[in-house]
Structures are given as structure tokens and as C-alpha cells.
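The letters A, B, C, D and E name the chains in turn, as written, and every chain counts its residues from 1.
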Amino acid sequence: SGQAAGARPAVVRVAAAADLKFALDEAAARLARREPALRVEATYGSSGSMHAQLRQRAPYDLYLSADVDYPRDLVSRGTGSVRDLFTYATGRLVVWVPAGSTLPVERDGLRALESARRIAVANPRHAPYGRAAEAALRRTGIWDRVSRRLVLGENVAQAAQFVQSGAADAAIIAKSLVAAPAFGGAGRLWDVPDTLYPPLVQGGLILPWAASRAGAERFRDFLVGDEGRALLQAYGFGPPPR
Amino acid sequence: MTLLDVDFEFRYPPSRDSGGASHESASVACRWQDPIGEPRVTVFLGASGSGKTTVLRCLAGLERPQRGHVRFGDHVWFDAERRVHLPPDRRDVGGLFQEYALFPHLTVARNVAFGARRLTRAAVAARVGELLDTFRLRGLEERRPRQLSGGQQQRVALARAVFRRPKLLLLDEPLSAVDRPTGDELREELRSLIRALAIPAYIVSHDRADALTLADRTVLIDGGRIIQSGTTEEVFDHPASAAAARLVGIDTILLGRIAAVEDGLARVVVAGREVRAQAPAAAGHEVALCIRAEDVALARHDVSDSSVMNRWRATVVTEAMEGPFVRVGLDCGFRLAALVTRDAWRRLGLKAGDEAWAIVKAATIRAMPRN
Amino acid sequence: MDWTAILLTVKLAALTTLLLAIVGLPLAYWLATTRRRWRAVVDAAVAVPLLLPPTVLGFYFLMSTGPNTAVGRLYGRLFDGTLPFSFAGILLASVVYNLPFAVRPFASGFAAVDHRLIEAARCLGASGPRTFLTVVLPLSWPAVLAGLVLAFAHTVGEFGVVLMVGGNIPGVTRTIALAIYDDVQALDYASANAASALLVVFAAAVLGVTYSLQRRPLPL
Amino acid sequence: MDWTAILLTVKLAALTTLLLAIVGLPLAYWLATTRRRWRAVVDAAVAVPLLLPPTVLGFYFLMSTGPNTAVGRLYGRLFDGTLPFSFAGILLASVVYNLPFAVRPFASGFAAVDHRLIEAARCLGASGPRTFLTVVLPLSWPAVLAGLVLAFAHTVGEFGVVLMVGGNIPGVTRTIALAIYDDVQALDYASANAASALLVVFAAAVLGVTYSLQRRPLPL
Amino acid sequence: MTLLDVDFEFRYPPSRDSGGASHESASVACRWQDPIGEPRVTVFLGASGSGKTTVLRCLAGLERPQRGHVRFGDHVWFDAERRVHLPPDRRDVGGLFQEYALFPHLTVARNVAFGARRLTRAAVAARVGELLDTFRLRGLEERRPRQLSGGQQQRVALARAVFRRPKLLLLDEPLSAVDRPTGDELREELRSLIRALAIPAYIVSHDRADALTLADRTVLIDGGRIIQSGTTEEVFDHPASAAAARLVGIDTILLGRIAAVEDGLARVVVAGREVRAQAPAAAGHEVALCIRAEDVALARHDVSDSSVMNRWRATVVTEAMEGPFVRVGLDCGFRLAALVTRDAWRRLGLKAGDEAWAIVKAATIRAMPRN
């Protein structure tokens, strides 16, 4: 629409994990400012659903998964090449409680959740942050005591909403979500030490049918570059493993 | 004495006519009083579309008149000014409707017993059995209405209406769908049922036989208005108007103006013919002349030496058997019907197209001034 | 196979259907008989839950029944517990969400009943409610059945609202729909297929039997 | 407000409703009139989409219409494109998913038509289909309307199937339901509330008008 | 000559009786041939539930008989063996049904024109207008059926049935809901319409008047079987059985055994009384005796010096006016009906409970052997 005169900007269609929402919107905006010829159009959703869609050649150029296993699985099924597979960040887990909560998370960490009535997490069955939350609870040794009090969201956003509504007392969710400005500050958070859960390696894939392969590569390069990394860090992500 | 006190006016809402031409919508106006608690049968006789069903609907509470009241003893069933309008179930009427309205999902037995309230099972079964016998419906109790013939359906509706011993019985054409012999039998049964219940019954019918055999009182209705009412004998013997005469079965009605009156006998000119009859008014007045078919005699030749005042040359137009008689249609300038025995007809040897003489005594012609 | 989830689903669907009959029939009756102006408004209001994505509806439901809301406090005082993440919660949400699937067919079924039969019943001494129970309802049962079957089936497959309000707690609020969804998300297609197949076969059997009890076919 | 999504949604719902009328009416007619044994089977089959969680249904739909499937290849040859992630795809999925909401009320409405009227029409020289069009359909329109309204409203709110099959592509497959869902997921409640409110007001108006055209109330 | 060739047997499926007691389900069996293309009116006369409607339904194709065939000229409409069964719309019949079955969603005008095919708008409008006049329905064209009276609905159904000039007209009780004067007028209109169409018409009725005034041929039906058929005169003058006699209007039927035969005259003992009549069989046989009410004379005292063979002492039980006559119910050990003029009745001065003598000439009693 109101772009600079000349050719229409190349559109890079990105299928992105829900936890990237805020960071990626910012990244796209920055890139657009610098390179008006490139426009990033991201669709956020569950990495699992997108995996199923990509198996049917969903018309995206770039896949940014919350779990590197999904793009890896695509490659092993012959969709995409190993060369186009990359990692761009690691997710971080936090415990989040509303501002008025009496749970001493800052003092007791995860153990404080033993006195919570309802704890919201993403579903460990398919959501990476859910799996991480389960691992952390197990390693802390309180899994048996709290597992019955877990309520499972489809993803971390839902887990957060469980707490926002007051129906759950605490959530173990992605730091990227809590760090977002949209989240609103009415709560306290405690970073779960990354020793308590296996790394949440977020990986991506440039899709073989990409309409704008150059654009996709450009955006990938931006993300894994210094500026991208800093930006992701600001939004609560850690650097990808080397 | 407790009375059913009726006085109302009802007009159907005008139909949302697409054409826009707003026809006058149909209306009825009624007013009468009747003692309650006596087995008095009133038959409303009227032509198709005259408003008979509408009167019953207003009595039952299915329509809400715009004006007037209906009081049943001390109970106000309807009062336009006081905005009282009891629904049908609080009026304790028993009704049969022209289209039967049997419940298609219930068996015959359960249709009949629909009104049952506060009765033991055995009592219900016994009464259902009784009524099935009365109305010749034995063996059909487990059928659904759609598995019945038309007349059987009507009889089920009749049994259903009387089942609950209502305070007032409203029957709309209760026997129109059954054959004559069955109807005759049922009329007698109905009569004795009404006697046993000792309630007033209002029966709507287009069949004179219903009025003649069932009614204590006959009400003639035309164009939504009661045009005559009284004991059945009164009404049938002395129809008060041409419309009434047509309803009770006078066969020919002629309209004309009195040309002259001589010795109390009027000379009326109708279609160029002279008709003599007892004068109901002075010369110059419009009159209606009613001639019963059975009062018209036929002859092959003019019988000028008789005392009969009216002798008209006529052409035979139609003939139709009617039980032991032959109904003959004649054209004497006007249409005239005659009813003669088959024997006489055979002896006359007439057929359509033949010429004949119609002979009518002036005394048998009823002349009525036209309003 | 997740038999706990299956049992829970059957229980939820059955109770939802029952409650819909209890709430929906009088509501539909009111809609079919009232002469008030705002019939249309109520009629539309019933359909509103349909218009929102289930998850979003569930979100609003959650927001308005949490322990800090008026509804939530009232419920807490009455039943000692919270509506969200309880069976009662997903039951209530299911009822609200399925209301239009039941009420719409009910009301249209009632509207199709021959007015003369209703008049006849009234003239035979049956009150309005009695007429409804003995005449209108039996005569419109194909429509009522349609509504209840739709609501039942839809409850079995419902997922967004139940997930949001129920929190996917095994044995309490995890229905078979959630279980299948989880399987698919976890790329465990074999389990998902098996559960789906079972569901379909079971339901087809139930529906098949239900519908074969229907009225005789039209004479066309 | 995401007007593109709103327009797309209205288009999708309207076309879905139209197609449902085209497909659903004959199907319901067949169901209401056939004397064949497997009527019950077809009847149940129509309801199956209801039983699966929408996302899962979408998943199966995706799997069976993707470019590597027989259906997908056929579609590709005919229309040069893929069914998933296209408007045609979500339209088709919507139709399948909403079929029971339309067909059930249709069929129960047809079943309630007085058989005597149908017989009369046949005796007056109208063929079966003509009788259906001139007698059965007009007489069961409250039920037909109920079905179409349910389907329309449900398409507006549908989310799982559309997301899975359509892939949430702006201007192509992102409906207002997906937009609201995205807002809620992004914790942008203000946008979600505004869009929801608009949706509800608009729909309530449409439904209110539709229903006020309904039959006169029962005489109860 | 092309014929309508009818020969079938139809039995309703047994009802799924909850009680389990499997009643015999109703059935009809019919067989006749009729020329096509002539305006021949056949009236089926039968009591309620006798199977009249069922016969019409089988002809129309609404029911499928278990056995037999219906052929219309060269067209096979139905053949059980060849498994042919044309639906009603391929038989080109015009039908009116006992319950009218008007389309509630269409106006009167559009109901009437329902069968229109391949006609211009103007042609349809013209014909609708014609029929509305014929059937006295002017002014009602924009109404819906529920805004009509019962008789108006029936007339709309009649107009609708004849609108499309079918090859065969099937009318089920076409005039049962209209009053006598209107009915008489409509019967004439109907007759001339059928003449104009030059098609066979089958009319079902429980009303003798329909047969007597409309029918060329009368078919008597009882218990699903044709018990007599022939020209209307034949059938009415010579009912072949007691059941037939009851249908055509013989008023009293007595059953008894011939005690002796003397000079061709039978002595039959009924309820202790002797009845003399022409002997139809030898002594010892069962007979049915039919006595028309109009053949029964009344007297206050025994008139022993007359030639009349039957004189029974009787008690007056009921009296009912019937047009110009009085129908008197008598008890002579058996029930007997007499029809006397009002004049005669007045002169006799009898009332219920009085004793009288019933006098019947032996020649007027029709005695029939019982099968």
C-alpha cells in the first residue's frame, strides 16, 4: 500500500511459534524500516499444527518453530533440506504469579507452588514449554505432589490467561510472554534455572517452495545476527546453542 | 335462574391483502340469554360462511370479540370493557370442531379420554368403553386418527367432546360426515347424552335435519347476524324473512312489487307473470314470495275450471328423484320447483322440454314484505 | 484408549443434553408463544455464543466466572469450589454454548404444530402448559430430537470452550476431544486415529438407532 | 478493526450457507423420503463431523486433500491450485462441518409436513420434486431457516477447522474468528473485545430481524 | 371402446397393536369397467367406514393394492403381477379429499390454480375467476385457507380439483360441508362442469341426495365390498339386499323366518307379530323385510274392514318434523318408522305414549331372502 514508489515489496510469509509473537512483530518492523523492499508477514500458531500444515505444503516461506524437533522431523520426511535448518534462540521458563499472590516464589522458587491450588502450564504432551515445566517440577522433586493440581493450556498464552482470570494461582510459562509489554505488569516472576529443564531449542527451516527464498534467507540472517539476537534477548529468549 | 348471557360483536382482522383492495372483513354480532343447567339444545342454522363457527369460537374463548360480554351465571367469561377474557380451558366447555382436530399422536381411546382429570384408570376405561359403544367405534380404540375413515374421525371427536361432562357443549357440524342411517341413530344417542348431562348444547349445522330432530330452539344466522330465533316449530313454520325461509327450506322465492290488492289478495308481477297471494302490504310495496315445492301441482293441460288462482304455463327443465318423489324444475318465466310423487310423475308422462301447467293455491304462498 | 476421557465425555454430553432439555424446552416454548416485542432480542441472544470462536467464548466465560468475579464468589459460597477447572464449569459452559443448537430446532418445531390441535386441547380443558406437554411436545419430537442430537454430538466434539474453562485435567475436565487434539498436536497420529475411529463408530451406531426410530418417510 | 477479516468472514458464511442450501436441501429431502435401510447410516454419517474436535477434523481434512492425495491431485488438475490454504478449501471444509447443523433441522422440518398435503399435491399432478419445491419446502421454512441460521452463525464463529485447513492467511483464509483468537492469544484483549462486540451487535441485529419474520406465535 | 378397467384388492397393513390382539385390518375389493371419455358420474354410496375413501385412494394411486390391476385405456396404472404402480401425478386424475387438504401457505386463488401447467398467466387468472364464480368464492381469492369457513374450504378444494381438466375426476364427499340450498346449486354446476369436461367422475358420498341428483350409476359399498351397482334408478328402486335397502333409504328392516306361504304371500313372524308380504322363498327361509316410512299409514283405531293385510297395534315413541312431514317412531314389538304429512298428524292428534294403528299394504313391503 503506502510503500515507497517502485516495485511492490517482497513478502516473506512466516509461520511462527506463538511465543515469538511480540519479538517477531518488533523484528519485522525494524527490518521493514531498514529494507523497505522486504515485508515480513507472520502467522502465529501452535508449532504442531503448523507442522501438519507444512506437510501439506502450506504456502509459507519460513517456519519458526518453538521446538527444533518439528523442523527436523520435516527434513527427515524429505520436506526441506538440512542446509536450510537452523536454530535461532532458546526459550526460558519462568514462574509467574499475580501481584497480590501470597506465594513466596522469589524465596522458595518452584517449591512455593506446593501451596498453590491450581498451577497453569502448557500441555506437556505437545507444547515445549509444558515439557520443560514438567521436567523442572520433576527435578525439583515436587512433581508427585503438584501434578494433580496442574491445569493444561493449549499453549503458554492460555496458561497465562488461566492465571489472569484468577482461576489459577500460578503459571509456569515462557519468559518471552511475560516480558512482552502487552502482558501488563500486574505480576511477579521468578526465572526457573535452566539447569532444571532441558534446553528449549527453537529452530527454523526455510521451506523448499518458498516464493521469496531470498527474503526468507534475509530474515533468517537478521534473526540469527547480532541485532536479532539482542532483540530476542530483550524479549526473554536466550541465545541458541552453538 | 342462572343464565348464559351473551352479547358480543366480533370482527376478523382484515387480511393483509396484497392487492391493497381492502375487503370488508367478516364479522358476527350475537345477543341472547339461555337458562343454564337444563338440557336445552340450540341449533344454529346458516349457510356456508354465515358465521356459525365464528359464534362457537367466541363462546369457547378462541376468539376475543371487540365489544360486549359473555357471562355464565356468576362467572364473567368475557367482558370487553373490564378486559376479562378467560381462556377456553377455564370456561369448562366441551367442543367438537369442524375439522375434528384429533390428536394424531394419540390412539382413539386416548383421544376420547383426553379431557380426563381426577379420574381413576378404571373409571376412564369404563367411560371410554361406554362412549365407544355409543358412537359405534368399538374395535378401533388402538388406532391412530389417520387410520380411520372420515366419519369415524368425526365420531371420535364427538365422543371426546362429551367425555368430560362439560358445563356447556359446543358442537360444530357434529354429524356432517356420517351417512344418514348412522346419523339418525347418533342423533338419538346425542340427544339422550345431552339429557343425561343436563347442560345446554349449542350445535352448529347446515343440515335442517339436525335442527328438526335435535333442536329445542333454532337460531337462524345469516351474514353474521341472527335473523330469527325461537322454538324450532315456530321458526320452521313461520320464517320471518326471505332469508329465513330459504334456510328452513322454502323452495322457491320470488321477488316482485305488488301491483294491486283486491279483497286482501295481492297481485304481484314477476317476470311478466301474475302471482296471486295473501297481501302483506299495500300496493306498490316490494315483496318476497315463498313457494314450497310440495305445494306446486302439475298438469298437462290448463285446468281453468278450478278454484286455483295461480296457473302458469311452464316448461319442464329438470327432473330428479328424491326418495319417493320427483323434484321437477320448471321454467315459467321464473324458476319454480315442484315435488310430486313418482306415481303421479309416471302418469303425467312428462320429460324435459315438455310443456306443462304449474298450479299453486294462493293460500299456500307466503308473501313477506321486503325490508 | 483413554477410557477415562471417553466416560467423562459421555457423562458430559449426556448431562449437557439433559440440562438443555430442561432449560431449552421452556425457553423455546416461551419463544414460540410469546407476543412480546423482545422475543426477537432473546432469540438473537441465544445465538450469540455461536458467533464467537469457542476458545474466545471460553476465555470470556473464564473471565466472568473466576473466583474474583461476582458469579465466582456466589458459586464459591454455594458449592465450595470454583467453576473453572471443574466438571460443573465445563457442564455449564457446554450448556450455554449448545443452547442455540437445541433451542432453534425446538422453537421451529413448535411453530410448525397445527394451531387447531392446540385450540382443541384448550377447549378440552387442558391448560397452556399441559397442552404444551401433551400435544405440542409429542408432535414436535422430530425437531426436539434433532436439537438434542445436534447438541449431544456437538458436545462430544467440542474442544475450545471445554479446554479453556476446564483446563484439560484428566478425569475431571479432559474429554475425548481434548485427548484426540493432544494426540494430533503431539504427532501421535495412531492414537488419534484409533480414538477418532472409535468415536465415529460408536456415535454412528447411536445416531443410526435414534434416526431409525424417526417418522415414516414422506409419501413422495 | 480488521475489516478485511470481517468481509472475508461474511463472504465465507454467506457462501457456506448458500452451498448448504444447495447440498443440504436435496440431502435432507432424500433422508426424509427414502425407504432404504441405509438411510440411518447416511443420517449418522452426516453427523460425524460434529463428533470430532474441529482442529482434528481440520487435520484429517488437510491430510486427505493435500497436494499428494488423490483428491488434491484431482483438484490441482481441475483448478490449478491446492485446496488447503485457499478460500475454496475453507469453504469446502465449512460446508462439510456445518452439514449436520443444516440437514438435521431440514429433515425434521420436512418430516413434520402433513402427509395429506403431499398426497393432494401429487393428485393434482405435481411430481415428487415439484411437490417438494411448492409444498414441502414452503411449509417447513421455519425449520429450514433455523438450519441456515445455525449454519451461518456457526460459520462465523468457527475456528478450529478454518485455522487448520486455511492456515490463517490474511485476506485469504483469516476470518474474524481467527483474528479474535489471535488477539486473545496475543493478550490484546481490547481488540478482541471490540471485534467481539461488533460481531455480536451485527449478528443480533440480523438474527433479530430474521426471527421477527417468523410465524405468528402459538395460541397458548 | 376404451375402458377404465378396475379389479383389485387392498388391505390396510395391520396396526401395530400394543394390546397384541390382532384385529382384522380393513380391506376393500373392487371390480368394474367403465367407458372413458364420457361424462358419466358414478356415485359410491356407503356407510361411514365402509371403504369408499379407500377405493378412491387406490384409484388415485395413493394406496397400492396387493392384488389386481387398474387399466386406463392402454395405460396400465397398476398391475400387481407386473409390479407397475404409477404415482398419482402420472395418472392425471383430479382429486378432492375428505379433509380438503388445502395448502395453508397459498391463497385461495393459488390453491385453485395449483395444478396449472403450461398456461399463460392470463389464462390461469381467467380460469380461476370462472371457477371462483362457479363455486361462489368471489372476494375470497386473496385469503388463506385458515381464514375460510369449513364450507368455503370445501368449495376451494372442489374448484382446485376440476381446475386442470383431468382425465378422471375423483371427489370424496365434495359437498358434505355446505348447506342444502348452496349444495343444490353446486350440484348442478358440478354436473354441467363434468359434462363440459366429458370425463368419468367418481364421487364418494354418504348422502343419498348426491346419488339421486348427480349419479348416472350408483355403486353401493358395504364392508369394503361392492354389494350392488347399476343405474341409479335400478339401485334405488330395487335394492338387492337388506344392506342395500338400508343404504338407499328403506326405513325399516325386519328380520324373520317365513312361517308359511299362502297364495304367494308369506307369513313372517317378527317379535311375535305377523307380517304379510310377497314371498321371496319357501317356508322356513330367513328373510329381510324392508318397509319405507312413507308406505306406513297411521290410524287411531283399527280399520278392520279394509283390504290392507298388515295392521299392527303400536305405541307412538317419537315424533320429529322433517320438512313438510312428520317422522313418527312406533313400537309394534319391533321398531317401525312412519312418514305422514303435518296436516294428517295434526288431525290424528297423536303424541308420544299414545296408542295407534300402523297400516301397511303387503305389496309395498319388499321381502328379500337373506344370504
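We take it that contacts are C-beta pairs under 8 Å (C-beta built on N, C-alpha and C of every residue); 3 or more make two chains touch, one makes a residue touch a chain.
Computed from a predicted model, the values in this text were never measured in an experiment.
The chains in contact with subunit A as well as with subunit C are D. Taking each chain's centre as the mean of its CA atoms, A is the chain most distant from subunit E. Two chains share more touching C-beta pairs than any other pair, namely C-D. A straight line joining the Cα centres of subunit B and subunit C is 55 Å long. Chain centres here are Cα means. That of subunit C falls 18 Å from that of subunit D.
Between the CA-based centres of subunit A and subunit E the separation comes to 88 Å, rounded to the whole angstrom. Chain contacts: subunit E has residues 62, 99 touching two or more partner chains.
Shared contact sites, meaning residues of subunit D that touch two or more other chains, fall at 55, 59, 114-115, 119, 122, 128, 131, 139, 184, 219.
Among the residues of subunit A, those touching two or more other chains are numbered 49, 52, 158, 161. Residue ranges on subunit A touching subunit C, taken from their complex, read 46, 48-49, 51-52, 73, 118, 120, 123, 125-127, 150-154, 158, 161-162, 165-168. Only residues 55, 59, 62-63, 66-69, 72, 82, 84-85, 163-164, 167-169, 181-187 of subunit C touch subunit A when the two sit together in their complex.
Subunit D contributes residues 114, 116-117, 119-128, 131, 134-135, 138-139 to its touches with subunit E in the complex. Considering their complex, residues 60-62, 87-89, 92-95, 97, 99, 101, 103-105, 114-115, 117, 160-161, 164, 166, 170 of subunit B touch subunit C. Looking at the complex, you find that subunit D touches subunit C at residues 29, 32-35, 39-41, 43-45, 47-57, 59-60, 100-101, 104-105, 107-115, 118-119, 122, 128, 131-132, 136, 139-140, 142-143, 145-147, 149-150, 153-154, 156-160, 177-178, 180-181, 184, 192, 196, 199-200, 203-209, 211-212, 214-215, 217-220.
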